[in-house]
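What follows is a single structure, written as structure tokens, with notes after it.
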Amino acid sequence: MNAAPSRLSHRTITQIGRYEAVDLHGIDKDLALTLYSQMLRLRRTEEALHREYHPAEEMRCPIHFCIGQEAVPAALSALVRPDDFMFSHHRSHGYYFAKGAPMRELFAEIYGRETGANGGKAGSQDISHSGSHFYSGAILAGAVSIAVGAAFGFQHAKTRQISISGFGEGATDEGAFWEAMNYSGKKRLPILFVIENNRYATFSDQLKRQAEDNIVERVTPFGVRATQIFGNDVALAWRTLHTEISRLREGDGPVLVEAYTYRWNSHVGPEDDSANAYRSGDEIAFWKTNCPIALFENKLRLQHWLNDDEKDAIEQEIAGEIAANFQFAKDSAFPTDTDWHRMTYEDASPLADALLGTAAGGNFDHYQADAKLGPY
Amino acid sequence: MARQLSYANAILEATDQAMALCDKVVVLGQLVDTQSGIFGTTTGLVTKYGTERVQDFPVAENLMTATAMGAALTGLRPVVCHQRLDFMIYSLDAITNWLALWRFKSNGKSAMPVTIRTIVGKGWGQGPQHSKSLHAWFAHLPGLRVAVPSTAYDIKGLLLESILGETPTIFVEGRGLYSMTDHVPEQPYRVRFGQAVVRRHGRDVTLVAIGSMVPIALRAATLLEKEGIDVEVLDPRTLTPLDRHSICQSVAKTRRLVVADPAWHSFGAAAEIITSVSEEIGDQLRAKPIRVTLPDSHTPMSMALEPRYYPADDDLVVALKQAVS
Amino acid sequence: MNAAPSRLSHRTITQIGRYEAVDLHGIDKDLALTLYSQMLRLRRTEEALHREYHPAEEMRCPIHFCIGQEAVPAALSALVRPDDFMFSHHRSHGYYFAKGAPMRELFAEIYGRETGANGGKAGSQDISHSGSHFYSGAILAGAVSIAVGAAFGFQHAKTRQISISGFGEGATDEGAFWEAMNYSGKKRLPILFVIENNRYATFSDQLKRQAEDNIVERVTPFGVRATQIFGNDVALAWRTLHTEISRLREGDGPVLVEAYTYRWNSHVGPEDDSANAYRSGDEIAFWKTNCPIALFENKLRLQHWLNDDEKDAIEQEIAGEIAANFQFAKDSAFPTDTDWHRMTYEDASPLADALLGTAAGGNFDHYQADAKLGPY
Amino acid sequence: MARQLSYANAILEATDQAMALCDKVVVLGQLVDTQSGIFGTTTGLVTKYGTERVQDFPVAENLMTATAMGAALTGLRPVVCHQRLDFMIYSLDAITNWLALWRFKSNGKSAMPVTIRTIVGKGWGQGPQHSKSLHAWFAHLPGLRVAVPSTAYDIKGLLLESILGETPTIFVEGRGLYSMTDHVPEQPYRVRFGQAVVRRHGRDVTLVAIGSMVPIALRAATLLEKEGIDVEVLDPRTLTPLDRHSICQSVAKTRRLVVADPAWHSFGAAAEIITSVSEEIGDQLRAKPIRVTLPDSHTPMSMALEPRYYPADDDLVVALKQAVS
């Protein structure tokens, strides 16, 4: 069987061998090439960062690479609007790109430079780009909870904006995640939850932490519409997310999409973590065979939408962009500001200044008794 | 007599006025939309501003704070209410790992103007899970403002300042203060953060009193007046920012310092105040500084033990006398 | 229809009018009278506390009365063993009795006396009785989480003990609750979760907080076996719990039983809270009509297992017990100990004394560099 | 040379020995059963003691603590490990509302001997969500013991004392200390809580250093030796109980006090130490006390800012010179 089974799980997924079901239905050439380029751009970026990390030692922060997990971010990048909000956790680069945030500020941030997206304060795992309404952070389920609040804001303002929260299956261990399911289901919030289920939280198999690999079944009774996909098929991811996001904008939320995928690298950093023996060579081989980029590229070539020359052109453009951004990052100055107060607090309060006056108080009578409490 | 309002009603009025002045203000919390309205502090708001702006919330404190935070990112100005500080502890991840460092982490580009109100139970056998006052925890966290208002006048002005301000702020409200009245002007006014107030001028000893210790401190001062001891009572009103300057100014005059804090003894706010003074003008002190606090233990339910647990007028009298002796 | 529908919910339950389906199958006369007496004892106790609360003002702590919710605790009382552990929240009295903890220590505790179960430190909402392995506390979901730990301990020790956690539907709003579901489902822990779903958390309807009244559907995908019952039928409650507890002792856990029931009183204290207009007169009337005690008494009378004289005898015994315990509480001394350190810390460490010696240290070399961190 | 062990290996040895001595000891935490083993501190335990005694846990920190607590009620002695203190904040409800007050609330009848280990990240761009050190929070809470060991010798003895003791205890471990070695005797031994240690005797000024500030303090003291300033370095080792007596004894001798705390400035442990001294012997001080701490801000990721955020040898040198000037 070379299409994914209708009920997916990491235990059974490797049985499909090589996935042969990529289908361009609903996707024109322009879109296809956009999806392809986005995946390739993310892949090449991660490969470059991975390669440069050691021994240069200039990127001094933890980086959780997402090689192998390019399909979902690429699909999202073609669907989100500038005024949508997106939130992710530690494995943030794919989402950062999906929201259209600039590569040069990513690189400069990782290099700890003033020109970084956060002036070198956040690094990879906490990066945000508020101009693009993209936010991340390293504490699991936080990016889910805060995303719920953004959706609350959109519902309140009655806009058609949506909130998108991207996370791994590990985050669903946290109680905070279930508060988010309950509340967004109750309030029917305009929020898209995207799980990239890559089977592991660090080195811990989902089935070491959860009785079953059945997150979509868990969230459904909370009032969250949920669907599973083979997450390395970018065309399928795009179609699924396209449908669900359209419904969200019509007020038919919330929705969760679980994409089965895999990280090729170690959990964090370029070091090898295989001494922890948490995953099999067969499993890794299956997922590399079903590389999201290779699967899609194959289809595009069969369709004659992509040939070697065209691919070279894309590769070159990406390589040029990456090289320029490394240069930008390395040329940028390090931050020097150590006004900790200013970094931490906002002292101005323009709205209060505009709306509030002052008024004299009186003399407080200190002979008053404490509030009389009742039996509650 | 000038317009008097209770502490609870001053909270209600501040919230009401903030909602009227700015349609981005929303109120979130368990039971905020009921008649009881968090001990009367939200009663009637839902009728006036509707269920979109005054919303009940599931019993899920962590998400409640996070929801306010995300909503603030979209431009709202949420006010979150907790019936007890103890319940709010579930939301410390949202507060500590996200809210407090959001501005910093974004390099000043993103803000979350969230106001969190939380109530410290006291009396009638609240017991150890309904009475914790963790203002020192919040004040230790960079990135937040922390208010500990003791009067109706102050809480109205500080609340308005916070709800219409840009920095996330936590209000720690003493339940015992709720019925106490004070002069509260009708118009919306501001009280600035980081400005202590001298509640009673005195020469002999400075008594810094926090939150619900303020009325007790003033009573103790009145008692000592009869014995010829002239106590200056200072109310910091906010812990972050802390008005170290005014505190030191007072101590520089009296050269004696007692701090009354309705919280646990060790590693608390009283220690910060004493240290701030010692660092600046420790060499000018004529007596060793003294803390009057709760013991390092938990709130007993029994009405026989509660009065022994909470410091009262006479505990302050003893400490003040010791300071001037 | 006078039996409960198979799919229960608070929205539909009132349609059954008067419940006529009490069935004594599996219950002999002795057990029946025990269940009956337990319910009556709990009811009379709560009524007496309610009555005495004002104006005497000697019980100075919040009390969450459980009048109307007697069936589940009574059924449990006939099924738990002394070495099982039980945990509950603020509405604790039913569970306290179910675990066999003494009434006199409950009364003395509420009166804040030294002879109370906790020496007057805890009061009603935090009461515990460690001799009976009963624990409660007022922070929602805590009594669920800690109960999971006790079940962990039993599984570890391979005993046949079980852990029982009793709580309201409100506690399922909390994320902590779902961490408990996930972990106990994964580990197949010997734990019984009992929800008394009385529709409200304080004044907030379940459907204001949750998209649907479907907790059993929510927990099932987590690996927690779950079942619903009409919670005012003590015979049904006993049979259900009997079956489930037996399975638990055989290692077939965890299980959740959701009992639909109702509190007759205000959320807390004897004060009237109806100004909050959160529930209808019809609803209250339905539940009073279907009083768990009246339903069962009716059946026992039809069965000729109970007549007026027998009932009187039970009432008198209970009344005597209650009166004696009020007396005990009022006669008991107030606590006077204010050695706060001793109350808060245990300074002795007998095991460490027995197993550990002392050993001299050396000189710490302070010229060592910080641990070299990697990219993680 | 005496037997040397790194801080990380001392933790491993203590845990191993506790497990061997008492079969009630179990270890719970995310990834404790892996080869990496929480930076090497649990590596190999699962092979030796089996998966029943060394258990991985879901990413659910609140339940993890609560599970340990319930397990402790049944007689187990759980050791809970968190890779970062920041993650543990999710479990503050379990710690604050239950664990810390359990004994009190039960009137001394019930105990929860739980040991919680938590690691404070430092360096290599950990950033604001991987480096918080909230030891002052834990120390403010009655009912817990709090250990801040700085050497391999201490952490082994304190861990054994805690795991085999009766009081819930939190260990705040500095990640930067993990590779540092010290003499660590092989047999299982105890280090008592509440006993500070003088790491360097001196006459001129007392420097109280907490946790990862200890090696830095000793280096600063060595630097000043050359300038003829004789620094006494005191390591409290535990914050609850805090050995106020030894601290005051040292200050009574030197009459000068600097406190180095690897945590935020305001409302932190340094304030408690300075206040404890001021209350007792403030009148004997010849100089104003000084804190050397992190600023009241969050950890910046950039390698250009990290060294400005964390106090180092020279910051201490400046403070000490000021104290003796």
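Here the chain labels run A, B, C and D in written order, and each chain numbers its own residues starting at 1.
Heads up, the rule we're going with is that a residue touches a chain if its C-beta (ideal position, glycine included) is under 8 Å from a C-beta of that chain, and two chains touch if they have at least 3 such contacts.
Since we're looking at a predicted model, the values are computed, not measured.
Between the interfaces B-C and A-B, more contacting C-beta pairs are found at A-B. When each chain is reduced to the average of its Cα atoms, A sits farthest from chain C.
Inter-chain spacing, taken between the CA centroids of chain B and chain C, is 35 Å.
Per-chain Cα centroids separate chain C from chain D by 38 Å.
Chain D has its Cα centroid 30 Å from the Cα centroid of chain B. Counting partners per residue, chain A has 61-62, 118-119, 121-122, 126, 137, 139, 173-176, 179, 182, 186, 208-210, 340, 343-344, 374-375 as the residues that reach two or more other chains. Residue positions of chain D touching 2 or more other chains: 57-58, 60, 62-63, 86, 90, 93, 97, 104-105, 124, 126-129, 142-143, 295-298. Taken in their complex, chain A has these residues touching chain C: 53, 59, 61-63, 173-179, 182, 185-186, 208-212, 214, 217-218, 221-223, 267-271, 374-376. The residues of chain C lying in touch with chain D in their complex are 85, 116-119, 121-122, 126, 128, 130-131, 135, 137, 139, 142, 145-154, 156-157, 161, 163, 175-176, 179-180, 182-183, 186, 340, 342-346, 348-352, 355-375.
Residues of chain B touching chain D in their complex: 86, 89-90, 92-93, 96-97, 100-101, 104-105, 127-129, 132, 134, 136-137, 139-143, 239-240, 242, 264, 266-272, 274-276, 278-283, 285, 287-291, 295-298. Residue ranges on chain C touching chain B, taken from their complex, read 60-62, 112-113, 116, 119-123, 125-126, 137-140, 170-171, 173-176, 201-204, 208-210, 273, 275-278, 334-336, 338, 340-341, 343-344. On the side of chain D, the complex with chain A involves touching residues 30-31, 34-36, 56-63, 86-87, 90, 124-130, 295-298, 300-305, 308.
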